[in-house]
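Alright, structures below, take your time with them.
Note that chain A is present in both complexes that follow, paired respectively with chain B and with chain C.
Here is the complex of A and B:
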């Protein structure tokens, strides 16, 4: 679930915060946002609306592309009163999450707010996601079977 | 991107009612229809913006008048249509017409073929005003008696140009005129004379 680090991405920082917001649920974003005061008003330019996107894959990351399957995605675009436009595409059907993610994306583009939001919203969400991922990895690793016995028999 | 404004308030219902208005306008050439409920980017009018949002999407190449470049970002965001430089490759064309500005040549747009005349392009022309200005007499399918259309901003030789387009039937370009929140349609089947 880690974002692919494509070297030529034009805005790697934005890619990072969008990835964090896409994996956080609406309640978590909302709770973190309560720490930020005087959020500016915004209007919805599009959505939130749900649809399907085709997820494509490549075997081994290098083979020919194939269609893996469709997944539900909700998107939203908002504009703040300063004219900053935020976009969000999040997995699933949570319209509120898409709207909040789009709003945070717009605000993160404002240099005056980016540091506050990074500290209050993005960094804690990222830490929680990494902790959850680490727990899952550890639990999965604990079930790994080492076939010492067979190896011993063969040698 | 900062000049972006929202599209339809209710994307499905508003697009359907706009589509219905276009259908009615096409079947009754020259009759004026009203469309409201959008605040598009200049120089797009309400009706032109609603038409683009209803008819144009990522599968319909659009040719955009350089005069309407101010609305380019709005159209790209809301319609997602591929913008083409060559008018002949477009399924829809949007142009502004006003005195001193030449109307795009109808022959530069795709008129379809005899095997598939439905592939012809549709020109959406935004005029300064509909319901006032020069008078044109329309007759043909959909009109029991000739109807008079008043439109401001069409070129003086419009009837001659249209005659050429109409003469190609079943091929030919369809024209949708709009001004502000009003629209009317001139399908290729209609005959136009000066009145």
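Here is the complex of A and C:
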């Protein structure tokens, strides 16, 4: 699940920060944004609005696709006063998260702001997500078993 | 005869629903449940409501469970109804369960498999003794942690396939049918069958899966692999023109391995049934995989003799929202229908009495 960049993706950096924002709740994004001054005004072009994504799986894991079931998703598109357009699709129904994610997506495309936002928002959110995941992975690792079949025990 | 609508009784209905709300709340001296409590502490109920409601949203599912007083079929029904109010933005790329961040992964066929076996937060090997300590609030003991080895966890099916002992997955192409858009029709392809099973009733599928083990269409199954964890969901919005990762879902996957005698053109090898379910829903994933394999009988040239192998029977009865709608509508007033039945039975009785009298008179 790690929000990784695919080698052949056309916009790996943007894909990464959008994945981080999709996994961060509104309060966490808002807290991180407090460190950034002079956030420019923006207008909402679309949304935030909630809807559905039909999640697909594959028969047998790698065979033909099938529709597994839907998930709720909220999306938002904003434009900053500089004309940068930001998009967000986040899981669930939190309009605030979608709007903040769209705004950060727009600002991350501004070379004059990207480094500051990366340091203040994206990197710490990503680190927190990775730490949370690492804890779960470590708990799972502690439940790793070695089953001994009778044959093995005799030798 | 179709159901005939009735009028009247509005005040009684309103009063009944007001009382229901009061009963749902229970004794006001007892603190009210929050959605977060349900989501966190009744996670398996939330998973089941999401799976059978066919809508992944933990908070909404918690609300549905609360509103339905823990009646999970009612909760799934509420989620199915809610989803009709939302627009469909996109469909995802098929999730890659091979890349799952694994929290549980076991195999009943190989004890030493690459990546190892992780029990995860399981009820397996518990003694099923009531834990009275849970009756009082307490902090659980801190969970042990261990260094995770960054080892790949290939699917067990892929390991067998390398030896040529496992059937290949079918073609990865094609546009799947969608039961939320088109009504069920036959013949139903595996895409439709898997969608129906994924949202099907756990109890119904459990019973059918069990029936295959007891000889009704048996195919000698082994749990090749069960894995549970989170997978990333990807969509490709038109306005962006590239794939984005929109977050994680917890899924449970089951690969059931079955023997296959082979045919003139296909060598003897293993075949598989497949289960994939929202949330941590292992029993459902196992049952789904058993029934998926059973429904492949005709495709694999096996005799279709048992209920679990009968695709129409399974798919027409696996959906608990449809089933509950039709079964529970029997509770609603059927006065007009029953009046005609009454007339019928009275007429037949009169006819039978008349025939008896004629016969007696003839003697």
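We take it that the second predicted complex is superposed on the first by the 138 of 155 C-alpha atoms of A that agree within 3 Å, B and C clash if a C-alpha of one lies under 4 Å from a C-alpha of the other, contacts with A are read in each partner's own complex, and residues count from 1 in each chain.
We adopt the following convention: a contact is a pair of C-beta atoms (placed from the backbone, for glycine too) under 8 Å apart; a residue touches a chain by one contact, two chains touch by 3 or more.
Note that the structure is a prediction, hence the values are computed from the model and not measured.
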Practice task
Record, for the superposition on chain A, whether partners chain B and chain C clash or fit.
Solution key: fit
Practice task
State whether chain B or chain C is in contact with more residues of chain A in the superposed arrangement.
Solution key: C
Exercise for the section: Check the residue A:83 against both partner chains and state whether it touches chain B (first), chain C (second), both, or neither. Expected result: first
Handout entry: First (chain B), second (chain C), both or neither touched by A:124
Key = neither
Exercise for the section: Working from the superposed arrangement, determine the closest approach of chain B to chain C, counting only CA atoms, in whole Å. Expected result: 6
Problem - Where chain A meets both chain C and chain B, residue numbers - result: 49, 77
Completion exercise
Residue positions on chain A within touch of chain C in the complex are 1-3, 6, 9-11, 15, 18-19, 22-23, 49-73, 75, 77, 87, 89-93, 133-149
Handout entry: Sites on chain C touched by chain A in the complex
Key = 50-51, 54-57, 59-60, 83, 86-95, 97-104, 111, 116-122, 143-149, 155, 157-158, 169-180, 190-192, 194-195, 198-199, 229-233, 235, 237, 239-240, 242-249, 253, 255, 272, 274, 276, 278
Handout entry: Contacting residues of chain B [partner chain A, same complex]
Key = 1-7, 11, 77-78
Handout entry: Partner chain B, residues of chain A touching it in the complex
Key = 43-46, 49, 77, 79, 83-85
